[in-house]
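A, B, C and D label the chains in the order they appear, each numbered from 1.
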Amino acid sequence: MGARLTLDRISLSFGGVHVLQDVGFDIEPGSILGLVGPNGAGKTSLFNCISGHYRPSSGSILIDGVEVLGQSPARLVHHGLARTFQHPALQLHASVLDNVLLGGHTRLPGDAVSWALRLPYTWRAERALRDEAVELLERQGLGWAARLSADELSHGLHKSIELCRALMMHPSLLLLDEPAAGLSHGEVEQLIATVRRLRDEDDMTIVVVEHNMSLIARLTDRVVVLDHGRKLMEGTAAQAQADPRVIEAYLGAPDAAA
Amino acid sequence: MNPFGTFIQLLVDGLAQGSIYGALALAIVLVNQATGLVNFAQGGMAVLGSYIGLTIGNLLIPGVGSTLGVVLGIVAAVIASLALGGVVERFVMRRFERAEEDTKVVATIGLLTLITGLVGLIWGFNPTPYPFFFGGSESLRIGDVSISVWSIVTFTTIVALMVVLQILFRGTKFGLGMRAVADNAPSAALAGIRVGGLRMAGWGLAAALGTVAAILLASKSQLTPNNFDGILVYALAAVVIGGLDSPIGAVVAALGITILESLAAAYIPWIGHDLKVVVPFVLVFVVLIIRPQGLFGRRAVVRV
Amino acid sequence: MKGYDAVVSNRWVRLGAFLVVLVVLAVLPLVADPFTNQTISHIAVFAVAILGLNIVMGFTGQVSLGHSFFVGIGAYAAIIPIRDWWGGPLAEGAIVIGFVLSGLIPGVLGLLIALVTVRLRGLALAMVTIALPTIGLPLAQKFSDFTGGNEGISIRRLDYVGADGQVHKGNPFAAGPGLENDQWQYYIVIAIALAFFALAYFLVRGKYGRAFAIVRSNEAIASSMGVSPYRYKVLAFTIAAVYGGIAGFLLIVWGQFTSSETLAFHHSIDLVIASIVGGAGSIVGAVLGGVFYVTVSQIMNGLQLSIYTTLVQGVVIILILFLLPGGLASLPRTIRRLVRRGAAGHSVEAGHAADSASGNTKTQVQPSEERNT
Amino acid sequence: MKTTLSGRRAIAVAASVGAIALVLAGCARGGGDVAPTGEDTSAAVEPSPGITDTTLTFGISTPLTGATAGPGNCTVDGALAYFGTKNAEGGITFGDGKTRKIEIKSYDDEYNPEKSAANFNQMVADGVFAAGLGLGTPTNRAWREAAIEADVPQVLVMTGDPIFSDRTESPVQLGLVPIYQQEGAAFGEALVANGQPHKVAALYQNDDYGKGYLQGFKDAVAGNPNIEIVKELSYEPGPASSTPNYLEPQVTELAGTGADVFFQAVSVTPRVVENLAKAAAIGWTPIWFLPSNTASPGGVLTPAGVTETTYPGIYAVGFSEAAAAPPFAESEAGKAYFAAIAEYAQGPEQDGKAFPHCVWSWIGAQILEQAFEKMTEPTRDSFLDALYSIKGFDAQFAFGSIDTTVDGLPAIQTVSLQKFNGKGYTNVDVVG
């Protein structure tokens, strides 16, 4: 079941610079929200607020009605939140499988002593997780890469692996930070299919930060447009593309709107 | 000597000894600003520099007379250290530019081991007196308190160096460039700053500074290969307390911990001289917990 | 499925190799001369200490320059109960108490210190860890009535009252019939060291290994995965302290002596150097580090060139950092890489395009275990 | 199929290695032990390890690198110089009539007890006949009991720790230099002897060295109301990282007591130099007491800028002539000593006079030679018997004669109180 995410009047500032001002919106469970806006609009900062990496100076963040503002990112995971990063930070010297397994961290039972003693239940949990990860990778068409070292793969594959890692967390709320950046055309198509499937089959709530407006238009149910740390408008992608304020905001950086 | 005289004497002596720690701390700050790492070999390099100066000075003395010989020796030591620092940065530390923090630390520890081994083999382990070119052991008396010429020279030299560095850091293009490099080397490079050159300069200057401190120390208490081992630990404590990016902070902290340590030893009986070394390090704990960037340091913004 | 086959067979090979090592380790002391046994025990003592350092430095990336503090405290925690109680009503129990305390006391101290300090980054943590031996050594000397000060405590010839009511001198780690002391001490040291290596080996695989690795490489991502960097760094620091303490116990088994010197800061530096030379991010590296720590001095002594030891160590560490950043443990991998690059020269991805098109899943298999080893 | 095959193969290899090893184990060490412990009726004595008809190997474990490397290298170099000269003359004629050359093997312990313990194991493996002369209390203590267990003589160690000369505690040991208490007591007795009232300030290293000196002094002045110890300060010693950087605060604090005698048991040369200069600078001019290892005229007093008139008296306890004093260098023996050091020393930049330990080691070597000449069998027992029975031997550079027959005292026992005369030291009996 997807989570409902409600933001209310989120403000964030660094050393007197207002990065976000009174941003708020609400996402229906099981829908895809696009977060768009020109460079420096505050999209990633907002992401970081939701995922707990930044602490907003005021406002409220509710996941399924529970206030999570001020909780550490590691705590937020227990609210069903998972995210990807603009630059996928994988363990380059670890295998793809190990990278993906990391996503299942919180689902593994046992303390350090049990694991050091290799008690049978830790062992079994690890094996079950491993099977699940292999299956997930195979579903993404990455089964062949499971045992390769991450640094032997391309950027596009890193993005896919990172997504798998996030999916291993069984999230109800998934934040994707520029998932299509640097992907080839074919990879983008695959991404769209995957994200749609997550919404339709797994009923996930998904927030996507993306520059690529055509991708946003195809993928999202609604969009929120940010500019200079403020919410410019909220609506469907078509409404946003037609909105004069949005066009004006992008005019300063026309290439970004491409 | 009356109790008040003792107190003042402890303060005065603390300032002089603390200046030595401060100078090394200053060198550590300089390297940190230039290359973003902490150089554990700073003390070893300083000792190496002063041995070079001593050797050159001794070679010159028969020809040019003792005072000039010593002065030229010191000049030679400073020049040699500048070169040494630059060379070490360029050909050793440059390799670890992108390495992780612990690798860099270990690289400088390796450097320290190498230099210590080398100095011991070349110059031996005998404590060697270092000539001072004017009456270093003379002292002035003000009431009960005596202030040695050495103390005055040391203190003023270090304070002058600190001021020069502070101006260099905050007020010149060179310092600005250095800070830009420390903050973000790639963008500094894009902005046309010669990152490599600045780093070499930072290391060279730091090595020269350390050598000045080592010579000052040696002129009081002889030169040995391990002269700076204990002092390095104090200098690091000073850097942490004062803040890694603040020349003034480093020197003030160095003076502060030295004086505090002496006073605690003299006036808090259960600490005494046995446990006075504990004082600066407990202070390190306290400062780090309350103000992790150091008393004078600026807080770094953590980016995700 | 064929990929799995390869891994399984690989595991059998590994198991076989492990059994060989085990058998050799078990039989060797019966054959070898005492010095060999003592040397191997000595290596094992420091391998355990270095393993602790690897867990905190290599696996979670925290610079610790105070490891000798934990080794020294562990040695005291082991030797003082034995000195005071062995031969009394507690008999051999004193050794067990010493063993438990040698892990427990450093562990608790490590935990307390970590709770306060691991929030600090890089250098600040290094500084705090320097403070540990710097404070610990004068304290140990201050309370010399209890710790023996710099004269130390020796339990090789401990006075005890025997069953006959007479005072005897005895070594708590003297062998029973059929074994020599060096053999007996070897078995104790090796058994405990192996056990702690096994624990570490299992720990850094699976859940905790992945968590440590991500904490080391990217704390922001770690926390997004539900891995609290703070908790895992505290955990690693505490484990390292326990390993240091256990190494202290083993030091007592090996040499039956300790003094305040064991705590000294420069021994921490020696351990850090050994850790890096062996390979900080690796279990095997700890053994190699121990070999380096013990045998370099021995070889230099043997050549009667010990005044060059410091220089040689300095050169070795710089060379290792230049040529083998992963330490000696990474030598096979580096060679493999060089060979592969020389032989194939093709990128894996290029190969993959063809593979996946034809549905062929046979690619180079790199068992994930290898990367941590 | 492949799986099980390679698995079986691996286990088979393991098993066969084990089997071979077990077979080896059965015959190697267990079998070897039986022969020598069998009958003991043969007439010829079985020589101990490390001695042949032409050579004897002597091991020295001492700090050769690190903060204590200076004096540490000296402990090797003095012996190398002495035996180097003797070997060049053809060797030493032993009590059993054979002439042997002495081979010195040195082992670096970095002033680290764990390394010195490892060094002992290595020395045993290298087959040294005996070991000793090494510097340091904790480092020698670390293998004292191991040496007893292994029955390897650990002799003429350079530490004033009394345990090494206690025959019951240390049956195969002997100290070389006077125990610290003796030195402290010598000064105390001389101070009492002058009959004047004195206020004493003390600065000592907080270890067996400093505490031993102070204890000896206190015992000697105990019960004498004339002498009052007004203040005692200490400092924590330790090599390298924890070497105290300066002790001037202590000197300043002690100066505040107005004491007229300064009992200073500090073992770090540069610190003593600083302290001597400091006290003069702040106008405190007490009578000084210096311990034997940091009283060198050339190495300590001259660098401190101290002259005969700076203080009412600088006293040191000596048990050997100081190589840095002019009369030493002018004497025939002194010239021979410096020539030998120049030829045989292995330590870097060794001048033989910066630390007194070179001379002490030279004296130790002479005592060893005495023992070698007296031992009638090539065994450690015979060597120890010979070593423990030297009496009335006047070693070069040592004050008084060597007497190793007294339980509880080291080989060199005669300590003399000496007063600085501007160039070197002259022996005195009374302070003042």
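Definition applied: contacts are C-beta pairs under 8 Å (C-beta built on N, C-alpha and C of every residue); 3 or more make two chains touch, one makes a residue touch a chain.
On a predicted model such as this, the values are computed, not experimentally measured, just so you know.
In terms of the distance between Cα centroids, subunit C is separated most widely from A.
Ranked by how close its mean Cα position lies to the mean of all protein Cα atoms, the top chain is C.
With centres taken as mean Cα positions, subunit C sits 34 Å from subunit B. Each chain gets one centre point, the mean of its Cα atoms, and the points for subunit B and subunit D are 35 Å apart. Note on chain placement: the centre of subunit A and the centre of subunit D lie 70 Å apart, centres being C-alpha means.
Put simply, the C-alpha centre of subunit A and that of subunit B have 48 angstrom between them. Counting partner chains per residue, subunit D shows two or more touched chains at residues 65-66, 69, 73, 206, 236, 240-242, 347-348.
Taken residue by residue, subunit C touches two or more other chains at 134, 138, 141-142, 220, 265-266, 307, 309-310, whereas all remaining positions touch fewer.
Residue positions 117, 120-121, 229, 233, 274-275, 277, 304 of subunit B each touch two or more of the other chains. The touching residues of subunit A, when paired with subunit C in their complex, are 51-53, 72-74, 77-78, 82-83, 85, 89, 91, 93-95, 97-98, 101-103, 105-106, 108, 110, 112, 115-118, 122, 126, 141, 143-145, 147-149, 152-154, 157, 165, 169.
Those residues of subunit D that touch subunit C in the shared complex are 2-3, 6-7, 9-11, 13-15, 17-18, 21-22, 24-25, 28-30, 64-66, 69, 73, 105-108, 111-115, 117-119, 121-122, 124-126, 137-138, 141-146, 148-149, 161, 206-208, 236-242, 346-348. Of all residues in subunit D, those touching subunit B in their complex are 65-67, 69-70, 72-73, 206, 233-236, 240-246, 248-250, 252-253, 255-256, 258, 269-271, 273-274, 277, 281-284, 299, 303-305, 347-351, 354-355. Those residues of subunit C lying in contact with subunit D across their complex are 5, 8-9, 12-13, 15-17, 19-20, 22-24, 26-28, 30-35, 38-39, 42, 133-134, 137-138, 141-142, 144, 149-152, 154, 156-157, 171, 181, 251, 255-262, 264-267, 294, 297-298, 300-302, 304, 306-307, 309-310.
Taken in their complex, subunit C has these residues touching subunit B: 57, 61-63, 65, 116-117, 119-124, 126-128, 130-131, 134-135, 138-139, 141-142, 220, 265-266, 269, 272-273, 276, 280, 307-315, 317-318, 321-322, 325.
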